[in-house]
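Lettered A, B, C and D in written order, each chain numbered from 1.
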């Protein structure tokens, strides 16, 4: 009856006949009218992106998205707020977040944050929920934002709302916004095509796989990423063939290591959006913590706060040199090395490498190995 | 040779083209002649349902089933008994339960409990084993019970008993009882159809999957729930097509989170029966403990007592607002949010959403994530 | 290329249209010319069977096999030896076993043990390796043994030995022995048929699955039991059809609970051989420990000693009433209850019940449940 | 879409109709012009092979490969260096390795190490990366090396390098070297054939499976070994059929027990290369530690140091008698016993034994067994 869907942990990449030196690989990609050297985007989460992160990641060749409905636009002085979040005990976390989010969003702070990013030489990519996009889209565009992300756990072009609410018409919004709009998240061919038809300049793929996201447990919803990316990438290719319009697909959620990023691109993604790997940077606003953006809902809190620690500088994490050997440092180096090893000159070739289904399940043998590494390692 | 059966942990739900605001979803369902707002039933277990729970859950729009062969109908003052169960040590549990169940069931207490539920404004749904149903069915109906559940680990319409025993004829019982009768548990198409033909007003589905049930270990018996529900739902639809009689299918056993409930309905269930999630309510008779009803057998104790803790009020667990973010609070909110996210307006539409096979196996990557959440979380 | 083989942990049994009271089930079976009420045999292991166990299990309706090459036939006073094994430290175990097995086997002790079993009213079933069978077969038969097991990790009818050694001809041995001979272990249709043709009165099935057996790790050899039993049972049925001779198939290795036993019979076994469940009996010679018989090899020790504890009397374990609810007490009761629940009147009908593939893998949900049971249980 | 690939942990070997005494098995094999009694090669890793190990393994009938770009050829006195590696803390390991590898490789030390091995009566097999092979191939051959391994995580016959670098032409290198050249690693039929056409005297198979190798996590690259070996062995057989040239296939990476070695050969390997099993020898240069050779990269450290402990002498590990019963002692004895049990007289017959897919996944039953072994074992 139901089809089998595969996760990133269940696949591996297979080298072919050619290899090439990593220095010969080209990781360039384009989203909207913006070209970037590195196909990695920092997630629109309080613990990951603030003005400083956005500017720094832009300079390094990547991209960061600022959440227009988070701490940064509710508080003029977010640093003290972030200190409180980092110091509250486990049990106090959900109540604190519900309290902090009771403070209203301030349009003037939206404009201010965008301008601060621009002043530091950054690309101002910003994000809001569909409801928030209706309210703050114009403010953001006027303040000089470069890219706008409309992002919900699950987005659709056919949203039924209560009569009292006028829902966001995604097609109309894309058309009216003077800047490129990225839409997500979705996991199927059909929805991806619909978002592209609505005018998306990029589509986010991923529901349920994230470390700080418990929607699969709470709602039962989620599609493993390898299958979701492959389906949405097929939608992109068909849409491109029919319209000549190439809409990049961005894998979002649950990615931790360089290997995860490589596998997403091999499944068909043009870029990836990551949260927890950047939350480990010394400069990250989370101060060693990471939490989902769904937490503040007073009715149904989802997401949780996890202590990811601070493992290095943002540069070490993104472009190396690595101090750690577990795949969480030098994500770009990992991508370039993987591309070289697989013989892929650029992102389009990387999307064509051979993939095998090879679950890294916890077998007895692996438990034995892990025991050696963890229990006896010093 | 053998077919592959899937569990609830092995599937996930896939969003489609439409989404809708949770406030527009309708979770109404009907069992026998009773319409309920919430398709959740509290299990007929000593640790889950007493008079107060039954009344309160009725008022909240759900339903609870009182076990006619448990503590409540053996003891006039069950509170002291429940205190003893909650305070006995692990090793003393089985002997204590065997001792407590040596006390006979008192028909006058059966009548009294039913009347107490009615007096508090509740719906009096009661349950007994097939043997108990023969003995106490009439008493319960006369006392004003609204619904009668005949429930055994495995029920069949063809039961061979020793000559000295007259077995319960399920068809005759359904016909003679003046109130609707629900039958279970079963796991296959054929048995589900037979129970419907016998006159069931509802069929319980689930053998072996429950947290406080060890029948798979002890007896080797059990069918994973996703497959069992899908098969019995197919039986319901075929029976409905042929007879015009719609007999709801209720998934029973092993459900812990809101996501589990959503997945059962997506597999075809009309409602669910849950025990451990309600055992965690402050008002639950188990006082933070939960145990299976098979325990008292002196020959072959099955089921075990587990400490589930008290995590909130009954309202928080059933209708929110949630204090926990792990899917165990606000089960109705989770169902409505999931339905909205999946574009399902009502239970019938929720039964049609797309399901994928996506085992949430413990892969190495997930162990890594868990280690971060558990080991490093604060 | 290779076919998928399934283990006992990967299957479950499905109830059908009929159920029956456990008291109506008949678990009788026949091996050689011996009829037994209970289809369970205690393994020929030092930690499981001595004279007392053999006699007691015979009286209870089951069977036990005494190892003719173990402690019992090397030492006139085995109790002191067993005390030493139970008290040695973990590191000293393998050297101690190598030392203890340097003591030669004494034919007069073989005869004495067999006579002791008979004097206590027991059935004297004994076991030896192929080499040991050559040497001690006649002694055992003369001393009054009732059944002879020729047992090796892997047995074949075509054994190539060094020139200096005359290998045991299994067919000749079966013909010349005045008592029935059981042969094993095997895992495939073809070898099972060959053993039957060689004159086996029973065939043992199982290579690699046992708790105290590490042959899969050491040798890479092993076939999951559900598949092995099904294949060998098919061999039995075909051989029976062709020759009229019914040779029972006995599942041997890795069985822990009543549910495991039920599943083996449902896969086609006529009986089971178990070690560790009986090693937990107060009367067991292992004194709470259990170890494999392959340990003493000076070249390649296999098997290991595990502490299984003493969990009850032999009667509690075999025929109940159970004190534990984890499936390790009242194995016969579990089998009869499972047969009743599945509608099987006798072993032949139990071999026909429906089996589904339903791996009880450690999913995230189950880890959650286990955490509740283990971590929070009291 | 993608094909399913299987790991060594997911298969098991099936006994057939014949068995034979282990003393009758013949494990001889040939690589280049060298015949060896034991088809096991020690990996070219600092923690595994030095002059003494190479000589000793040669005398025992096996083979060891000395890394020409490791500690041994950078330092005249490597013992003090190895002491430092063994005593540094976990956090200091990567920086220390980066520092130690900053010391240049000395051609005169290459010659000296080869001569030392020869003087001790050993076979001098040496290894370098493709770049190192260009530089040091001639030196090694002139110094008297017997076998040359060109080894990279992934090797290909079509390597694209930056213009400033002249890449190693593998075919030319094989032709010009006066000694046999072994090439690797690869995982597919096509690349294996290409390496054979390039003149390889042996092909190493294995990418990503090793204990001290994190390329799957860092790069997403890796193919489970059972599938990789079977594919490359098919390439060998086809190439042999077409050219008459038999190029042995060597399984490399992730092998821990004797059973692992048996399974690789049953999948089609002619020999195996192992690291961590030998790192546990008292004589091993790692002093109880084991680490990957990819660690020193300043840009992207891969591999990690694990504490494997010292579990016995080299003889105990390779040829027994075993002191441990977990499959890590007496690897040759395990292979001969497995071959005898499976009825394989020699390596070619061992490559033909039946394989089943039988994942030794962590099922609930196994966790129960493990708990008994680990938690309650003494």
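What we mean here is this: a residue touches a chain if its C-beta (ideal position, glycine included) is under 8 Å from a C-beta of that chain, and two chains touch if they have at least 3 such contacts.
A quick note: this is a predicted structure, and the numbers were derived from the prediction, not measured.
Common neighbours of chain A and chain C, listed by label, are B, D. Interface residue usage between chain A and chain B, two copies of one sequence, is largely distinct: under half of the residue numbers at the contact are used by both copies.
Matching CA atoms, the turn from chain B to chain C amounts to 90°, rounded to the nearest 5. Comparing the centres of all chains, each the average of its CA atoms, the largest separation from chain B belongs to D. Remark: chain C and chain D have CA centroids separated by 39 Å (rounded to whole angstrom). Centre-to-centre separation between chain B and chain D, using Cα means, comes to 55 Å. Shared contact sites, meaning residues of chain B that touch two or more other chains, fall at 260, 360-362, 366. By the touch rule above, chain D contacts chain A in their complex via residues 1-5, 7-10, 89-90, 94-95, 153-162, 165, 186-188, 190-191, 194, 207-208, 211, 214-224, 227, 256, 260, 276, 295, 298-309, 359-362, 366. Those residues of chain A that touch chain D in the shared complex are 6, 11-21, 23-24, 230, 257-263, 266, 320-327, 330, 333-334, 337-338, 341-343, 354-358, 360-369, 372-373, 376-378.
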